[in-house]
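Handing you a structure now.
Chain lettering (A, B, C and D) follows the sequence in which the chains are written, and residue indices restart at 1 in each chain.
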C-alpha cells in the first residue's frame, strides 16, 4: 500500500529563492507519516502511551528533483520499505503536479521511554507489515 | 540594564518576499532571552531543574518597522519590564544597522512542572529585579 | 463571516515542554489566512501577480489561554476586523476541543513590489469587506 | 581544512521528546555553511550578486547517533568533500560534548538566477578548492 496525503506549501516554508527550504521537505515527510498512522487507526500521539515506545530517527536522506513553491498543492506518498525487529524505514516521494519533486527515506528505531533500544511491539509490527501488502 | 545579543538572519528564516518571516522575530526574541539568562549565570536549561518552574508565555506582541533580510547582522535587546509575583515581562527591540526593525514584548507566567500557576521563586525574582537596575 | 479551518498540531511544532511553541501559533494564523483567501476564490500565491501587492505584517499579538499539544485537532478562526485604505487587520482564535487556546490579531499593510506603501486595490477591498458581512 | 562553528540548541528546535527535531539538524548544517563562506571572505548574501549563482540542494542525508537537547553547546564541522564542475558537496558532523551526535552531507548544484544549471564560477571554485587543502 502506498499512503498519500495532500498538503499546501505554506508561505513560511519558503525562502528568499522563492522555493520550499530543503529542510522543510522532512517536515512534510513527517506530517505524512502522522497521517499514515492515523489512517491505520493509530492516533500518532498515542503510540507512546499504548506501546511505550518512541521512534527517533536514525537516518534520513532526500534527493531534490524540482522546486516546490508557495501554495503548490503537493502530494506526499509514504511506503513502508522495511519493518525490522527494532527499526522501520519509510520511503517518501513528493509529487508536485504529477512531477516528482523529491524522493527520500526516513529510518526510525524503537526506544522505550528511557531511550533504550527495544524491539518493536508485535502488534505494532503486524499492523505496519499489513500496510505493506 | 539592557541586555544585547547579536544574531545573523539565517536563510531558512526568510520567505519568498526576501525578508525574515514575521513569526521568526519571536524566535530571535527567545534566543536573546536564552542568552540573557546565561549572562545572569543561569543556564536556561537548568531553570526547570533548579527552581522547579517553567515560564510559558501568556502574551506576546510585535510591531514591525523595517524588514530584515538574509545575513543581516541584527542586534536583539531585552529589557525586563516588570517582575510580578507570578509573571515576568520582557521588552524586546530588534536593531538592524542602527535602525529599529521591530519592537515587541513577551509576558510569561510561572508554572510548576504540573503546569499549576505558582509564585516566582524568591531568588529568581531577586536576580531578575537586580537586572533591571 | 467567520472563516474556520482545522489543523493538526504537528510534532515539529511542539517543544520540550510538550506543547506547541508560542511562535508557531502565528504560523497557524497565517495558514488559516491562506485558506481564507482560497475560500474567497483568490489563490494566495496569485495576489502578488493579480494585484501587484504584498501584505507584510506591521503588527501582531497573541494571548495564550491553554496549551496545544501534539496531534491536537485545532480549529483556527479568522475574522476580518478592519479593512482600511492601506491596511487589513484579522482577528484570530485557536480553538482546541471547544476551549479557546489562543486569541490574537495580525495587521498587514499593502506595499507594491518595490515595497512602497500603496492603497489596497479597490476590487481586493470589496472582496474583503464583503467577507465581513 | 575543517571549518567549525559553535551553536546553542535553541528551545524552539526541540520537540516533545525533549530532543532536537531531526529536520533541524539540516538548519544547523546550513548555518554552519553560512559561517564557512563568511570565514572565506564571502558574505553569504552576496554570492548571488557577485557570481550570479544560487546553490540549491540536490541531495542531503543525515545519520543520527546521539540526541541533542535544549541548550547543548554543539559544534558543527564542515568539510568540502568535492567541488565538481557544477556541484559542491559538504560533509558535516555535529559534535555534542566531544561525542558525534550526527553526520551528514549536503550536495548543491549551481544555477543562474533563472534556475538554469551552470558551471561554478572559476574564482568561486578556486576559493572552495583552496579551502580543502
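Methods note: a contact is a pair of C-beta atoms (placed from the backbone, for glycine too) under 8 Å apart; a residue touches a chain by one contact, two chains touch by 3 or more.
Everything numeric here is computed off the predicted structure, so don't read it as measured data.
**Student:** Between A-D, A-C or A-B, which repeats the contact pattern of C-D in over half of its pairs?
**Tutor:** More than half of its contact pairs match C-D, so it is A-B.
**Student:** Contact counts by the stated rule: is the higher one at B-D or A-B?
**Tutor:** Looking at contacts between chains, B-D has the larger number.
**Student:** So how far apart, in whole Å, are subunit B and subunit D when each is placed at the average of its C-alpha atoms?
**Tutor:** Taking the average C-alpha coordinate of subunit B and of subunit D, the gap between them is 27 Å.
**Student:** Just how far, in Å, is the C-alpha centre of subunit C from the one of subunit B?
**Tutor:** Subunit B and subunit C have C-alpha centres separated by 23 Å.
**Student:** What whole-Å value do you get for the distance between subunit A and subunit B if each is reduced to the mean of its CA atoms?
**Tutor:** About 33 Å, centre to centre.
**Student:** Could you tell me which residues belong to subunit D and also touch two or more other chains?
**Tutor:** Expected reply: 11-12, 23, 27, 30, 69-70.
**Student:** Considering only the defined contacts, which subunit D positions touch subunit A in the complex?
**Tutor:** 17, 19, 22-24, 26-27, 30, 54, 56-64, 67, 106, 115
**Student:** Going by the contact rule at the top, pick out the subunit D residues touching subunit C in the complex.
**Tutor:** Touch residues, subunit D against subunit C: 11-12, 14-16, 18, 21, 23, 69-70.
**Student:** For the complex, which residues does subunit A have touching subunit C?
**Tutor:** 8, 10-12, 27, 30-31, 34, 43-45, 69-71
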